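Below you'll find a set of structures to go through.
Paired with chain B in one complex and with chain C in the other, chain A is shared by the two complexes that follow.
== the complex of A and B ==
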């Protein structure tokens, strides 16, 4: 198990845009540098990239919810 | 000589105390959002208080030093390391040539100020090194720093181990309290709306930036009925275009208050219900999105007393470090 943490505070999104599916679903392979979500702050969307490789277990916070820096956004197996 | 930017962070920029004198031309004063923290960091490394430093918001940069320097970081609470070894905030420390300064996750506050002995030595524009990206002024080519940038510094060494006493490290509370002096257009609001503005708890919206801080979550503000004057827009929150001040609070459509900050626009067609007092402007620069905020009504006398108190706080730091 490994955590992916938010690099900064803002609003976390699972999807690249409302019409598209989430970046990752449970069981997906995650490579180093893969985008797993977006954090919106100051009118900017910042990509959250995984710094580790593994298998995606799921998001730890709901889509479009407020997050703080360091908060766990998703976990990998 | 220079600093090498390995990771820029988010919109990290060179800032000093700004370029006063051009607001009538639409060029804002700019400069550090939290001037108190920038001044303190400069004092710690032995710089002029107005020397340029780096302002980083929400995320720290990663910087390699290519010469020895004395460094201090003040403002938000964000762990930091020199070559992986933790160093103390609000305290000067030495960084040797070849070492790297990096940061962990932000805990409280929003912006850190990194002062380096000799100051950041990028070329000034209109008398200031402050970065104003919209006008391409100051900083590194008029923009926030980017990966691979090489940033000149003034050089020289300060004294390591100097520290701002804990009681003088100023930050916003939670909920934050921001003091407001009602202004020229206050009478556009109904009595109930004026009361509600101060009673409600607002939260910082994610859109908050150097130009303005937006708040949401309070009740919709109702306006006194009137026939809109010639030249004013149709919405009751519109006025005939007027000048804005730093700290002025506009509420487009009566829904979400916006406090204009260091990179503010200088005028426009929204009524402003008043202004955040100058003593509390620095605190806004330390607000994270989703922080609860209460606006507190004050009069001119209280505003001036708060300004004097803030000045006295800075003097206490000078005395403590003398």
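== the complex of A and C ==
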């Protein structure tokens, strides 16, 4: 079990755009450097990348919700 | 009817600016805010404040229903929209007007008309304002393209009539080049958009962005001279001046008169800006669009004319006639504004929504700092990165640049990263000093490594 934290405060998105599926679903393999979501900070979108490898267990916050720096966004098994 | 209770449907530094202007006129101020903005400076300064929704702008500052409910609940008789958000939304203006509330800006019809590029161009042409010369409609053959180009003058830009963006744009300097490039553009347009039709217009190479501030009361209109806003990054202005020293007096007079002509032709009410491209090689200017709101960079025009643009727009929209005649608006000295953004210029301008631990503001004659900061304030990450603007005024451009350096060196915003290092570097750049720049100047300058990067604060 490992956490992926938000690098910045902002709004967290599961999807690259509203019409597309989420970056990851439960059970997906996650490699180091994989993008798992986006944080929108001051109208700029920053990719959230995993620093560890594992199996995606799920997002910890809802799509399009406000997050703080360091908040857990997703967990890996 | 004179405005008594003004609702401010905006946030940040412009909300503070509007509150100060309204208080100066003895008007009661009501500040709208999102859940994330309950502690912003404008909320503290306003006579009252009302929450209009959650942090995301579309649920608060862009939420017409929520704003209308708050306007009704607080008994506001007027709304100032600031810039951005709903300031140029005809739907919002219609809702405000339907509620019997005064909108501090032009009518919904004017906003709609000037917001449509084709309609705005037609209105400008009808008022005698020069626009970028181009083909009347689509051009289908290379011979037609050559005929149009001969009329509008080289260099010409060849674009796809269908579609948008930069796809398929080519620039020809001569008819020979045009005859070579037009067929390529046709093929590319056909492949990209299923339509090989072309549109031609005069290419303005290395244009300057020059704009004219106007004020109207619905009948009469005046200008407060021009601003030079060519220093831009990603189409965002970073450094703005009034006046534009590159213009000679005759060109300045013609330019400003053209803006007033369009404002009068549209019975403009409120403050507005006409944006132009200026070709310094040919000394020609071309209207590109009109912004029907107060702009971020309005203070430089206030500094050189002494006109309080925000107070004036509140007065005229409250039904008064313009308080100044054109012959009373005189240029005095030179003014520069720089935008202080919560971004780290050493890290590709990464947004930096930090917490302001301690603040020293610049002070002195001819120095103004419009901002929404206070010690202990946590910058919310949900909105744009503009923290404030440093504005200076001095007898000449060179003295204004010197004063800007002094002002910037006198600011300390502990806990934040800001674009101040960018402005200090610009103030020392020989091209900036010489006024030798255009809209395509800043990005290559940054790419060339003119800013210290990595680790610098």
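Basically, the second predicted complex is superposed on the first by the 77 of 77 C-alpha atoms of A that agree within 3 Å, B and C clash if a C-alpha of one lies under 4 Å from a C-alpha of the other, contacts with A are read in each partner's own complex, and residues count from 1 in each chain.
The criterion applied here is as follows: a contact is a pair of C-beta atoms (placed from the backbone, for glycine too) under 8 Å apart; a residue touches a chain by one contact, two chains touch by 3 or more.
Keep in mind it's a predicted model, so treat the numbers as computed, not measured.
Overlap between chain B and chain C is detected when the two structures are superposed via chain A. Looking at the shared chain after the overlay, A:43 reaches both chain B and chain C.
When the two complexes are superposed, the chain touching more residues of chain A, out of chain B and chain C, is B.
Legend: residue contacts after superposition of the two complexes on their common chain; A:33 is shown touching neither chain B nor chain C.
Legend: residue contacts after superposition of the two complexes on their common chain; A:70 is shown touching chain B, with no touch to chain C.
Residue contacts after overlaying the shared chain place A:58 against neither chain B nor chain C. By the touch criterion stated above, A:11 is placed in contact with chain B and with chain C alike.
Once both structures are laid onto chain A, the chain B stretch out of 22-30, 40-48, 94-102 or 310-318 that overlaps chain C is 22-30.
Shared contact residues of chain A with chain B and chain C: 8-11, 40-44, 46, 66. Chain C meets chain A in the complex at residues 36, 55-56, 342-343, 350-351, 353, 381-385.
Residue ranges of chain A in contact with chain B, taken from their complex: 5, 7-11, 40-44, 46, 66, 68-70.
Chain B meets chain A in the complex at residues 10-11, 57-59, 104-107, 110, 206-209, 288-290. Of all the residues in chain A, the ones that touch chain C in their complex are 8-11, 40-44, 46, 64, 66.
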